[in-house]
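In this document, chain identifiers A, B, C, D, E and F correspond to the written order of the chains, with residue numbering beginning at 1 in each.
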């Protein structure tokens, strides 16, 4: 099977990182096709970036026709509902995936994300997914997405501090790492804290494999009904009409 | 004061209709600047259209710098959160406005919108705004947005039927008309059914006037913090970089 | 238009304060008629005061027939539902008004009120209005209503401290001042904290102007149906029958 | 022990009916003191009546000092929170009592009340008590309170019809009769439908006996803190000051 | 009347303790029949113990046919729903009982229980009973159930500390003691803290007396319908079939 | 990997049916070990059966030590929380699995189960999982579990009728089949109705494979902490001690 991993921001190094993680977790026989959105913001931190990133991501999905499932590799599940209108193949966001896995492994969990400005968007998603009672708190480490790597040990110590608080103050039984850029840290932190510390990219790839094997499809009825053909135009085509 | 009414779809006749309604309700001294999104879908029916409409709408807001408040003239409150990141001036969606007015006039209300495919998006907004108990049901008349006018009396009778059911089955005390294209009908239907039948465009313009007079601003802290300057680029600029 | 501002407690100096604030915010052409309840408690701090204040407030509304909208100028929205049964003109409580404005300007807000004994009543209102997710916490400064003025700088420093905690601990993006007596402080505190700090009196007057311009009415169907004429008797008439 | 049963409306025949039912259920050694509010509406149908009934009921409680618990004998739990501020003895409303008993006997129940105008007030109480998931629907039989008796068999057949619908359409496992005036019908209807059909007066008297035997008190901390002595004035005193 | 108090764990000294408390609170004429589950865990701390305790408890109920109501004397309300299928007599859990009493005496309460591992199970019950808004927090004192007595003063000081935090941090107006083994402490702690501190055993016995006097039955329709006779076999019979 | 599929009822033909379905969906390299509970009820229809089935199921899990994940093959997710305390391997119930898959494929879904008596237990699970907004209604076809096969075409037509109502009345975008015995029907019904019609057994096996590949564990902290060794005794051992 082919799983399309779309990075909705335009930073290729993040796509690469997600791709490596996705391939590491993928079953034999699963091909990971990782694509970077061709236009849009370099990182997604809050509502504005999210909105500007969606068309590029939808384009990437439409361009790459040959896939069995789609992973949206940004933790705010950028454009998830719109993407589900484009295909009857399963589409999963990495935030959604991590939450659903956490919900099967623990009674209550907390999230540790990057900037505080992203927190309300994540909280809305959690309500949307019915996770508002199971997720106790969304914590921010105040590390900008693109500095996750450059900051190195400093970034890790900030994240570690928030996990400690999640365990102590929130009584979290599991922690979700709230950024695709934290994909490397999950295993080590799980071990360090002796609780599940989850990363969304690997969760989403693995859930996609499940859905593909189940041969289930995204519903075509109601909110995810496909748009009429006349409306399936790219942002570029739309801009050229202008 | 100047209120910017942005039609997030590209159908100028709908902008015109909203503009006429907005001017009719506007106070003396309020200037209505109605703009049509320059690119994007011709109507917004469901998640995909909504996502593709947001960048054009955000561009329109950024182009039109001189305003005191913004009305987003599509009933799914297209891109509302993203727009609030762009300006500290009040920004209101017409769906949100109609719900908030209905909530001040009745204990419980129902919504009558166009197509069933739009219903889940509206239901998510209602939960987002805390209206899930006060709004009993979102009903669809199954009239496509752009046929609201062409269908004429037929469209009206479909809408009328759903209002009857809202009163009888849902025990609604008020009804919200769920499409900018229904702006003409509110007064007549209010009279006909002897309950408040509300239109979002007029509600939003009027609430904007309130907020402007109150001199209140959209918060700049947390989820609506302004994006850094480097990220404030239009979709066109982003596409050209590609 | 004429907006009736009813102070449901009997302290005329609070009416005066609300009236000044109301007039300051009112549009040209809006007349503010401020009345003090003629009997009842001198301040409303908790459920008992609230219950004893309602009949006097309802009387005041019935005496003052000539108005286009009513503002109930106590932060617990004293008798709001009962008042809506008395007239088809819009009726808004100052608590409700401030919450609804805060909800249009921020993702999450906290309330700073006077005494802890009032907090549960406010929390019930917030649930009633669907604001229980958007309002993070109702904080009390433990200043009695009537000492708001006499305490002077001391009162302000207590309120300031709670706003600081709201921003720091609750991650509030806006703050609502939970007492009509705090109406003077909103502008200064907004500036000081660089977030919206909202006062209910001005919000309610401004929202009333909106509803009047919209020519919308309180529903007469269901919970707000007018009582039969035989039941529209004042507390005095009722007591005399005794 | 002495249980004060306060009828918050002024119709003595309803007090009598409640008193008979209360005495029938009371344990040996429990004295029922039934009092009629001395001023206020003749029946409580909706928000306005409720608000106007509260002071008379609070007076009745304060006059009758010698009691161990209080039952508020109107199904909308008129002034329950205010009454709890007046005494540390347990105070229970008949609506609340019936809901809590129904919740211990069934997974889901429906309510059958008198007029539709009372429904929203009851729905707000249900949310307040956390019963919004367990109570499926509040149904109205459209019989005015004072005609419950005069209508006789016709009234019963309307109520019966709603119970049938509650079982069939709502899948209710129990039914709560939503008016003190229906107290006579509960036993017969329970038998007829082979499910619990509950009346609030008897439930409340019995729960009061429980709380008295437990020697528990209404909290004096927070929302039910007693008002300062200077504020404990009757409506009559307040009106005379005017 | 005869009230069956079932201790779902096999520790007879805890049954004895509950029995003494039950008899102390029981009305004249109420006989308390206290039985210890004949097989299962020695204490119930978390989901596993709870599951293993249910069959022994159900057996105990079926053996002891002659009763008018049943109290399940473990704070997690072990097997409450299953027990309600076995009899049309009222069945109440001590957790449920204490929550419902607390809800009639206060606006908000907290729970102080034994081990943190029991907290999620209690939180699920609270949601189940609609108490998730009224119960602010479930606190654990980290005292194992069977050490409640042996620990003596040390246990009491741990519990006292959590009550202090409940009042200070949670703004609790009442506290529920979350373990049958704490039954002795309620009166003393109520006095010490001047708020209701409630114990489940006495609350449950007293509520059972109420329901018996009311002659109400557990519904036989829907979720509590009795199992067909062929399925009413004890665990021992089931194991012997194996 | 080895996935243990435990049938918590004692009907071997149902285990066989689940096993066939599980093997059909399992990936190459996944071994399905299907076991039947050795004692307990022959089918699980409601709370009582569920409670009596749990110990046999827990025994089965403890006997079968060599597995990588566990599927609980009854739609009410019998003993799920208790099972999670027994192992750090992932444990998934088939109800939970189907709901989570439905939630990733549709905005709203309904459930079609067997008997009405099972509905409340399923509704509680849905609230527990945060699915109460996404699942619109749990419908019962009134076919006893063990007659699903014997009834043949009649059973199918009853189920079909409920799916039609789910689509028409509930506006469901997907349907979950609420019984392990319906596992055969999902594919055919999906095709017939052109929406996802999901079966829990296959969903659970596939999700288990995901979690195993992710190498994630059930948390050992908080509610799922392992019981102390002394408490890990089988029901048989417990009964023999008696």
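By our rule, contacts are C-beta pairs under 8 Å (C-beta built on N, C-alpha and C of every residue); 3 or more make two chains touch, one makes a residue touch a chain.
Protein identities per chain, from UniProt: A, B, C, D, E, F = Hydantoin racemase.
Just so it is clear, the model here is predicted, and its values are computed rather than measured.
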{"item": "Chains touching both chain A and chain D, listed by label", "value": "B, C, E, F"}
{"item": "Mutual neighbours - chains that touch chain B and chain E alike", "value": "A, C, D, F"}
{"item": "Furthest chain, CA centroid comparison against chain F", "value": "C"}
{"item": "Copies chain D and chain C - interface residue numbers shared by over half, same or different", "value": "same"}
{"item": "Inter-centroid spacing, chain F versus chain E (mean Cα positions, whole Å)", "value": "29"}
{"item": "Centre-of-Cα separation between chain F and chain B, whole angstrom", "value": "43"}
{"item": "Chain centre separation (chain C, chain F; CA means) in Å", "value": "51"}
{"item": "Residues of chain A whose C-beta touches two or more other chains", "value": "107-108, 116, 119-120, 127, 132-133, 171, 173, 222-224"}
{"item": "Those chain pairs that satisfy the touch definition", "value": "A-B, A-C, A-E, A-F, B-C, B-D, B-F, C-D, C-E, D-E, D-F, E-F"}
{"item": "Residue numbers on chain F that touch chain A, as the complex places them", "value": "25, 27, 90, 92, 96, 100-101, 103-108, 129-134, 167, 171, 173-174, 187, 190, 194-196, 198, 202-203, 206-207, 209-211, 213-224"}
{"item": "In the complex, chain E residues that touch chain C", "value": "107-108, 133, 171, 173"}
{"item": "Complex contacts: residues of chain A adjacent to chain C", "value": "116, 119-120, 123, 127, 132"}
{"item": "Interfacial residue positions of chain B with respect to chain A in the complex", "value": "38-42, 45-52, 54-56, 58, 79, 81-82, 84-86, 116-121, 124, 127-128, 222-225, 227, 231, 235-236, 238-239, 241-242"}
